[in-house]
Each structure stands twice: as C-alpha cells, then as structure tokens.
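Same chain, two partners: subunit A is paired with subunit B first, then with subunit C.
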Partner chain A sequence: MGIGVVALIGGYLTDGTEHHQRWWANLLVNGFFWFSISLAALFFYALNYAVEAAWSAILKRVWEAIFKFLPIGAGVMLFILLAGQFHAHHLYHWMDSSLYHEYMVVEGEHVNYVDTMEAGAVANPNYDHLIAHKGAYFAPAFYWFRTIAYIATFLIFATLFRRWSLQEDAQPSLDLHYKQFRRSALFLVFFAVFSSTLSWDWLMSIDTHWFSTLYGWYVFSGMWVSLLIFANVLLIWLRSKGYFAEVNESHMHDISKWMFAISMLWSYLWVSQFLLIWYSNIPEEVTYYTQRFFTDYKWPFIITFFVNFAVPFYMLVARDAKRNVKFVLPVAFLIFVGHFADVYLMVIPGTMFDHNVFGLFEVGLFLGFLGLFINRVLTALSKAPLIPVNHPMLQESKDLHH
Partner chain B sequence: MNKVFHVMYDDDDTLKGAASQLVAKGIRVKDVFSPFPIHGIDPIIGVKRTRLAIASFMYATTGTTLALLGMWYFMISDWPMNIGGKPSFSLIENLPAFIPVTFEFSVLCAAHGMAITYLLRNGTLPGMPATNPDPRTTDNMFVMEITTEDNHLAADELESFIKETPLVELSIKEYK
Partner chain C sequence: MQREAAIREPLILGNKSYKDITDDVVGPIQGPAPIGWKIMITISAIIAVYGVGSILYLLGTGIGVWGLNKTVGWSWDITNFVWWVGIGHAGTLISAVLLLFRQKWRMAINRSAEAMTIFAVIMAATFPGIHMGRIWVSYWVLPLPNQFGSLWVNFNSPLLWDVFAISTYFSVSLVFWYIGLIPDFATIRDRMVKPLPKKIYGILAFGWSGRAKHWTRFEEVSLVLAGIATPLVFSVHSIVSMDFATSVIPGWHTTIFPPYFVSGAVFSGFAMVQTLLLIMRKGMKLENYIHVKHVEYMNIVIIVTGSIVGVAYLTELFISWYSGVEYESYAFINRFSGPYSWSYWIMMTCNVISPQLFWFKKIRRSLIATFILSIVVNIGMWFERYVIIVTSIHRDYNPSSWGEFHPSSMDLGIFIGTLGIFFTLFLGFARFFPVLALNELKTILKSSGEAYKKQHDNH
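And now, the complex of A and B:
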C-alpha cells in the first residue's frame, strides 16, 4: 500500500503529459480493475444463492470479504468520473460539450454553441457528427443518473447481503435464506443490464466513435475470471496458513475448474468480438483494432490474449493439474497479470494514443491497489466467522467429494 | 480349477459397504456391474483413473492439425481463394477466418474418437456380445465379480468371507 501512495503522488508530480493524462488513465485502469473484481464477487455470491449451489456455501465469506471492497472501488470510479465531468482530465473525449453542436457564435472571448444556422453563426470546427448522434445517451443528466444508479444498486445489495448473512450466523432462519435467494435473483436481473451498460459508459466510451455490442460480456467475463483467480490464490494462501481447514481438495478443484472455464469464456468472447470485426472490415468498427494492431500496442495486445487463453488451457486442462498447487499458482499469477493487462489495453490506447509510457509508476500503482485490496479483504474476512455458522446447505458443502 | 463368484446386492450402498469389508480382508474385487455409476466405488475396488481424457486431447490435437493442414492446402496452396477481399494467400494472415472451422473439427474428432474408444474399450459397440453376468444388472441389481485367480485365498475360504456380507444372491461358476 505504501508503494501505491508513493507511486500515486510521485506519479502525479512527475507526469509530464498534458493534463496528467497518464496519471488519470492509469488510475482508471486500476480503479476499474479492482472495482470490477469486487463487483464480480457480488455477482458470484448472488449467482450461488440464486441457483442454490451447495458446494460453495462454505466459501461464502470469501465472496463477502471481496465485495466489501465495493465502496472503495466505487469511490475511486466516482472520483475519476467527476474529475472528468469537471474537465480535470480528458480520458472521455465525449465529455467535451463543444462536440455536440454543429454551429457556433463567437462573441469576442466567449463562444456560444448553437444547433441551427443563426445570424452570425459559423461552422463549429469541433463538431463531431458521430458523437453528436450519441448525445442523448451521453447527456450529463442521463449519464450521471446511470452511474449513480449502478453504484447505489450495488452498494445496497452488498450491504443487505452482508447484513442478512451475519443475521443468519446469529440465528438460523430458513426464511432469511429464501429471502436472500429471491433477492439474489433480483440482483442478477439488475446486474445483467448494469454490467453491460456500465462497461459501455466507463470503458467503451473512451473509444467514443467505436462500438461493440459484445463489449459488456467481454468485460464481464474478464472481471469474473479475475475474481476467481484472486479467490483461488487467496484460499491457497489461507489454507497454507491453516485457515479454512474444512475447505477440501474438491472445493479447490471446483474453483480451479471455474477459473479454467471462465478463462475459456473470456477467450471465446475475445475471439468473437475480434473475429466479426476483422472479417467484416467496416471502417467504423475496425478502429479499435487498428489502434491496437498497427501501433506499439501490437505485441502486448497479442501476447495478452495468448497468455490468458493458451496458458490456462494447456496447463489446467488435466484434472490432476487443477488439483495441484504447483500448476494452479503459476498459472493464476500469470493470468491475473494478463487480465490486468487486458483492462490496461482497453483504456490506454484510447487515452494515451501513441505517447504511452510504461514505467515504475504503472507497476507501483498496481502494487499499491493490490496491497489496499488485500488489506481490505483480509480485514473484512477477520470481521466474521470464516465458515458461516447456520447456512442450511453447510453440511452438504462440507461433505463435497469428487 | 478357477472359480468366479458373482455376488448380487440390491442396493449400491450395501455393495459399497460389502466391497470395503472384503477389500479390508485383502480380497481383490475384480469388477462391479451396476445399472448406473456408483459414486466412490473406484477407490474402494482400486480401479485406475481413466485415460480417456488424454486420448481425447490427442484426438483433438489431431483434429486441429488436420483442419489447419486441410485449409492451408485447399484455400492457400492448391487453389488460392479471395474471400471477402482478403486475398493475402498466407495461412498466418488468414488464420482468424480458419479458427472457427479448426475449432469445430477439433471438437468433432475429439467427440467421435472418444465415443468410439469408449465403446471399443468397454466392448459395447453395436453387435458385440454382452459381458455382464446377469441381465438384472441393467435394471435394479448390483453384482460384484470376484475370482479365485486374482486372490490368494482358497475358494471355500473366499466363499465364507463373501457370505458374511449382506448379499441377495450368489452364483459360483467354474472356468479353466
């Protein structure tokens, strides 16, 4: 965490780029990445409840501890978006209000943007036809309504889930369990829409002229797999310290299976998005990939995909490998960095263009956020019994064997 | 003269209990016939883990190789094709277009290879003679097969141990 603070301040002071673009862009990468892991934890928690999964009942405190990071992650995201709204940085090109009006009236120093050709108006050189047509969606009122709706919904559900979970510890109650079951299903409905639109608003809109309908699922699968990697490593570490003694080999095998499966889901969506755009070769769609394939980002971009796909595929395809820490850990570390690089490559090419620098600041900020995240998660874990006391499917979960 | 014992039980849990009881006495259970897979029987009677997954991986790799080789020959080498304005005539540059077919062909090879291997290894290809000792094992009965050949105990000793378990029926056959 200390490294992070040093990197944060040092990075801001030494950032020579215009408007500290590098500092803000990297803050967005980290802010979103760590926020999305805790969001994925909330999703996975709700999913396990909604499908009445028994095997994971023993692990539910892990997801709870991870989604307890949500307020901090959401805070960082809000800070970045607010700063953008007040033009402290230019990560989001569309936040420039001059893009939306075809004409302008210049009165000395003051420029008045208008939509019709009035007397004295001249063509606005900043006018962007494509962005202007997205004006209704990007209108600040609607944008902020959405952003606040996402964050409020996530925080409300996170708080309620945690509260009910602790209540259940104090007093066994099937009613409470079914209540959580129903609310989880409700949350999944919200999450299905919000995870998609959230990724458009916060990430895809960086490349404002570009769009991809698949982007939401692609971002979602990335956050899901990052969560599973983090949880897997966390559990391996805690078990080696003697905690979670009741979590057996079968649970670890299941988490590794999830990690493997969602890695494949991510690769599948990556390829699906890429393949259709590459094949049809429509100018307004290929911009995203030309920005990544024909620039300095080429090798990082290609390597990220192959690391995130081929490494888990070949290393973890065998059953015994999924149960062997010597296989799981190196793969987990590698693809965790790989999925961080994935978010990095969603944000940076559209914000830093071909002036990107990668240095100690980026590494330091990553480590700083990692430290903060682990610190918050472990603190949250220590606040409640590691194994839930009165979950109705607890015994079934403990008996898991395959 | 070797003897084979077919011990019948009416419940999978009973059979599992009986199997552990016999294995604890050092008796080797040759096989179990059951209408459905019995969870947890493999480690009790010492069945080795299946190598079907490895075979499947090899079939899939064969499929990948064949698909790529085929498409390289059809589309690039033998009769270069210009599809959708991508006439680059090189496998690597056109690779994304070949990935779906490669994937499907790998799955096809893996699935068929696995199914045929499984049926062959089990002797259950259409037309092959049935090898289970009693037709009721395809219905609601569970049979354990124990032979004197696998065990160092004498036939009558073996029989007395087997009779201690809660069996339903016992058939003893002799074979050379």
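And now, the complex of A and C:
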C-alpha cells in the first residue's frame, strides 16, 4: 500500500504528459481491474446460490470478503469518470463536447458550437460525424444515469447478500436461504445486462469509433477468471496458515478446475472476436487490432494471449496438476499478471497511443492497488466466521470428495 | 458416501429397489410393442418415406427445385441445417458438461438426449450433403491426396471447418453414447430369454461382465470423453456461426455470433429434449425417473440460455445503431420492419419473451405448459436462423436485385421429411434401446431416491 501511495503521488508529479494522461490512464486500468474482480465475486456468489451449488458453500465467505471491496472500487471508477466529465483528463474522446456539432460561430475568444449553418457560422474542424451519431447514448445525463444505476445496483445487492449471510449465521433459517436463492437469480438478470453495458461505457468507448458485439462478454470472462485466480491463491495461502481446515483437496481441485475452465472461456472469446474481425478485415472494425498489432504494443498483445491461454491449458489440464500447489501457484501468478495486462491493453493503446511509457509508476500503482485490495479482503474476512455454520448445504460441502 | 443436503428434492420417486429400475427400463423392450408406438412409428415412417422421395427427386433434378433465386442463394437448406445441428447440442451438453458439473439429474435424461443428438446431427448433415448438388463427389470436401485430381480443399473456408467440426462432433457423440450403452446392453442380454435377441444384445454388449475392472475403465473413459466433448459443444456451433460471421454481409458479420449461437443451440436442444421426453415418460411409464424436478431443471436451462440469446439479440440491435455504419443499421431496421418483419417478431416472441414465463414456478413445473412452450421454442429457433439467413441477404447492396424467397414444395417436403426420419429413428431407439442409463441411475438410488432420503432424514 505504501508503495502505491508513493507511486500515486510521485507518478502524478512526474507525469509530463499532457493533462497527466499517463497517470489517469493507469488509474483507470487499476481502477477497473480491481473493481471488476470484486464485481465478479458478487456474480460468482449469486451464481453459486442460483444453481444450488453445494461444493462451494464452505467457501462463501471468501466471495463475500472480495465483494466487500466494491465500494472502494466503485469510488475509484466514479472519481475517474467525474474527472473526465470535468475535463481533467482526455481518456474518453467522446467527452469532448466540440465533436458533436457540425458548425461553429467564433466570437473573439469564445467559440459557440451550433448544429445548423446559421449566419456567421463556419465548419467545425473538430466535428466527428460518427461520434455525433452516438450523441444520444453518450449524452451526459444518460451516461451518468447508467453509471449510477450500475453502481447502486451492485452496492445494494452486495449489502443485502452480506446482511442475510450474517443473519443466517445467527439463526438457521430456510426462508432466508430461499430468499438468497431468489435474489441471486434476480441479481444475475441485472448483471447479465450491466456487465455488457458497463464494459461498453467504461472501456469500449475509449476507442470511440470502434465497436464489437462480443466485447461485453469478453470483458466479463476476463473479470471472472481474475477473480478465480485471486481466490485460488488466497485460499492456498490461508490454508497454509491453518485457516479453512475443512476445505480439502477436492475443493481446491474444483476451484482450480474453474480457473482452468474460465481461462479457456476467455481464450475462446478472445479468438472469436479476433478471428472474425481479422478475417473480414473491414475498416470499421479492424482499426482496433491494427492499433495493437502494428505498433509497439505488438509483442505485449501477442504474449498476453498466449500466456493466458497456453500456460493454464498445458500446465493444468491434468487432474493431479490441479491439486498440486507447485503447479497451481506459478500458473496463477503468471495469468494474474496476464489478465491485468489484458485490461491494460484494452485501455492504454486508445489513450496513450504511441507515446506510452511503462516504468516504475505502473509497477508501483499495481502493487499499491494489490496491497489495498488484499488489506480490504483480509479485513472483511476477519469480521465474520470463516465457515457459514448454518448454510443448509454445509454438510454436503464438507463431505465433498472426488 | 456423500450425504446429499436434505433440502434437495429426490431424483427417483417412489420406493424403488435396484431390481425395480431394471424392470422398469427393460420391461418395455421385452414386452410387445404398444399400440400407441405402432401408430406413431407408422405416421413417422410415412413422412420419412415422403422425405426420402423428395430428397431423391432433388438429387435427380438438381437444387433448382428449391425456391432459391439469384439474391437469396441460401435459405431453408441452411436454416434446416443449423436448426438440426442446434438441436443436436443438448445431448452432449447434458452428458459431458453436466457430468463435469456433477449434476446427477442428468442420469435420467442423458441417454435419450444423446440419442436425439445423434439423430439430429444426421439430419443436419443431410442438408449440406444434398446442397452440394452432386452428392456423388461429396468426398471432395475431405482433404484427400492429390491422386483424386488437382483439387485441394480451401482451408480458409469456414464451410470446410464445418466438415471437420461436425464429423468430429458426430463421432465423439456416438462413441460417448455407445460407451454408456454397453453395461445396459449387458443387463438386457442377461434378461432376454429368446435366443436371437439375446445373441444380438450380447454382441452389442461387447462381452461386458460387470467386473470392477470394467467399471473403472468405464468411468475413466467417460470422464476423458466428457473432457473431449466439452470443447466440442462450443466448437461446433461456433464454427457454424462462422459460416456467416466471417463474411462481410451486414447482419451476418458480428463478433458475438459464436457464443450466442452456442447458447441458442443449447436452448433449442433442451426444448427438443422436453418435447420428446414429456411424451416418452408418459408412454413408457417413466414418471418416477423423469419427473417434475427434472423438467424444472431443464426449464431453468431454457430460461438462462433463452435470456442469453435475448441479450445477444438486443446487443446486435444496439451495436448496429451505435456503429454508425449505414449498412449495418439498415440490415437491422429491415429485419424488424421490412418484408420479413413477421418472422423477426415470431423469433422475438418465441425465443425471448415466451421462455420468460418459466420464471413462474407454477409454469415451469407444469408439464402441459412446458410441452407447449418447448414447441414454441422449437419454432422460434427455426425462425431465428431463417431471419438471420434470409433477411440479411434478400436486400443486397444493389436495390435492383432485391428479391424475396418463396419456398417450393420440395423445400417443404425435405424439411418435413427430415422430421419424419428423425422421429422414426427416435421411436426405434425408444423401442429397442435402454432409454434410461439404468446402471448409472442405480448409483444415485441410495443418495437421491425418495424412500432412502426419507430414511436419512429420520436419522
């Protein structure tokens, strides 16, 4: 955490780029990455309830602790978006209001943008008809309505889930269990829509001209796998310290299976998006990849894909490997960095273009957020019993053996 | 033994013993054919013969007998192909993915779902086959050595990937299905009295003896095949979607196609499983094994996959506007307001709105409602492919060549015919094959049988 604070302040002061673009861009990378892990925890918690999974009942405090980070993650995101709205940075090109009007009237120092060719108006050189076309979607009122709706929904569900979960500890109640089951299904409905739209609003819109229908699901698979990696490592560490004694090899095997499976899902979606755009090669879409393949981002971009796909595939495909810490840990560390790099490569090429710098600041900021995240998660974990004693499927979960 | 949580509903109702399970499954095979079955197979066979006749006529005359024209060069042929492949998805999902997820309720339905898969894939494969026009040179789609001439397949073409994807999928599904059948065939063999059936089932059972070693190998092979089959669930329909999505046709080219086709396939597959099983459980008196809870689980899969498909439809629609690409937005405006808007709204109603009824517990546990909705979904998913294929190409870049598609009697005959062939095959399966994985079911009797669960709870 200390490193993070130093990097944060030092980075801001030494960032010579215009409007501290580098500082803001990296803040967005970290803000989104860590926010999305905690959001994925909320999703996974709801998913396990909705499908009546028993094996993970014993682990539910882990997801809870991770989604307790949501308010902080959401705060960082809000801070970045607000700053953008007040033009403190130019991460989102579409936030520039001069793009939307075809003409302008210049009166001395002051420029008045207008939509029609009125007296004294000249063509607006900033006018961008593609972005102007999206004007209705990016109208500040609508944009902020969406952003607040996402965050409010997530925070409400997170608060309620946690409250009911703790209530169940005090008082066994099947009604409460079924209530969580139903509310989880409801949350998944919201999540299904919001996970896509928020990734358009917060990430895809950086490359404002570009679009891809698959983008939302691709971002979703990335956050899901990052969560599973984090949870897996956290559990390995906690178990080595003697906590979660009742979590056995089979549970660890299952979570590694999930990590493996969602890594493959991510790779599948990566390939689907890339292959279709590359194959058709139409200028509307292919820009996204030319910006990543024919620039300095080329090798990071290619390596990120191969690390995130090939490393878990070859290392963890065997059953015994998934149960062996010596295999799981190195893979987990590698692909965790890999998925961070994935978010990094969604944000940076469209914000830093070919002036990107990667230095101590980037490393420091990542470590800082990592420290903060671990600190919040462990604090949340210590606030409630590790085992949800009255979960009706607890016994089945403890008996897990395969 | 792992003790199942008390709040789970039992999967096998009634006070069944191991012997009862065998009796319930093998009994219908040993007994005489019921009259209902005879009626159904007669009707199906007549339709099947009509279908075969239509196909032969097509092969003899050429694909000009279809209603295709210069603008709409792909229509019912590919619609039917994609529809059947989609239906063929549920079987492998149930047997492979649900096996990996340790979903025990799959044991009541996996056998017939897998059979359905295999028959559906056969029906699907028929369409590209006859679509070639010259089916006698269909082996040209394989990358054969050049002794056959100077032809070499085009590896860049997603149509060729389809050949590989479908044939792989078919072989793995078939092996998976057959491996599962072996112990059950052995059970039937041991039950049969007449020498000829005993001999036949004996051959089919591959000398299964039920030794522990056989069971170990059986389980290992099942797991390995499940591991191989799971990526296939994704690959087949992803590649089918790429037949369209790799092109630059507005309405076809969109990146969400692969996962959304996979989800749609599972959706339609489960609908067809419901249609078939709801009749089968009644006709063969399997109500204790395939009961309301199983139907409910499948309906939940239908809500989830249907909603994923719904989100994908809306995403496509939104992005077509958001993109600012004129052709892209027109393709979608034309879809919902052009000459084929009726098919778009059928698709939306059947696939997105109707499955939402399953949010009501009453409806998703009602067998009649499920049966009706399953047919609605089948219709909707057929129209989905029709909408994607026909509406995207019937108005191309040049308005003077705009046209519409009108199906001919051969389009209709072949489509109805494949339904007949499919049902004939399925009815044959229901008569002569063990329709439940009886030996697998026995493994969950003590943990999930109703009578046993009651005993556990009293302790």
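Of note:
Heads up, the rule we're going with is that the second predicted complex is superposed on the first by the 402 of 402 C-alpha atoms of A that agree within 3 Å, B and C clash if a C-alpha of one lies under 4 Å from a C-alpha of the other, contacts with A are read in each partner's own complex, and residues count from 1 in each chain.
One rule holds in what follows: a contact is a pair of C-beta atoms (placed from the backbone, for glycine too) under 8 Å apart; a residue touches a chain by one contact, two chains touch by 3 or more.
Nothing here was measured: the structure is a model prediction, and the numbers come from that model.
On the superposed subunit A, the positions of subunit B and subunit C overlap enough to count as a clash.
Residue contacts after overlaying the shared chain place A:Ser196 against subunit C, while subunit B stays out of touching range.
Look at A:Ile348: by the touch rule set out above, it reaches neither subunit B nor subunit C. Looking at the shared chain after the overlay, A:Glu52 reaches subunit C, while subunit B stays out of its contact range. In the superposition on chain A, A:His401 contacts both subunit B and subunit C. In the overlay built on the shared chain, the residue A:Val331 is in contact with neither subunit B nor subunit C. With both structures placed on the common chain, the touch criterion links A:Tyr137 to subunit C but leaves subunit B unconnected.
After overlaying the two complexes on the shared chain, residue contacts for A:Tyr279 are found with subunit B and with subunit C alike.
When the two structures are aligned on the shared chain, A:Met259 is found in touch with neither subunit B nor subunit C. Touched residues of subunit A, counted separately for subunit B and subunit C, are more numerous for C.
With both structures placed on the common chain, the touch criterion links A:Ala318 to subunit B but leaves subunit C unconnected.
Of 115-123, 205-213 or 421-429, the subunit C stretch that intrudes into subunit B once chain A is superposed is 205-213 (criterion: clashing C-alpha atoms). Common to the subunit B and subunit C interfaces on subunit A are residues 275, 279, 401-402.
The touching residues of subunit C, when paired with subunit A in their complex, are 2-8, 100, 102, 231, 234, 238, 242, 245-248, 253-259, 307-308, 311-312, 315-316, 319, 322-325.
If you check the complex, the residues on subunit A that touch subunit B are 271, 274-275, 278-279, 281, 317-319, 401-402.
Residues of subunit A that touch subunit C in their complex: 52, 54-55, 129-130, 133-134, 137, 174, 177, 189, 192-193, 196, 200, 209, 211-217, 257, 264, 268-269, 272-273, 275-277, 279-280, 282, 284, 392-393, 395-396, 399-402. Of all the residues in subunit B, the ones that touch subunit A in their complex are 39-40, 53-54, 57, 84-86, 96-97, 99-100.
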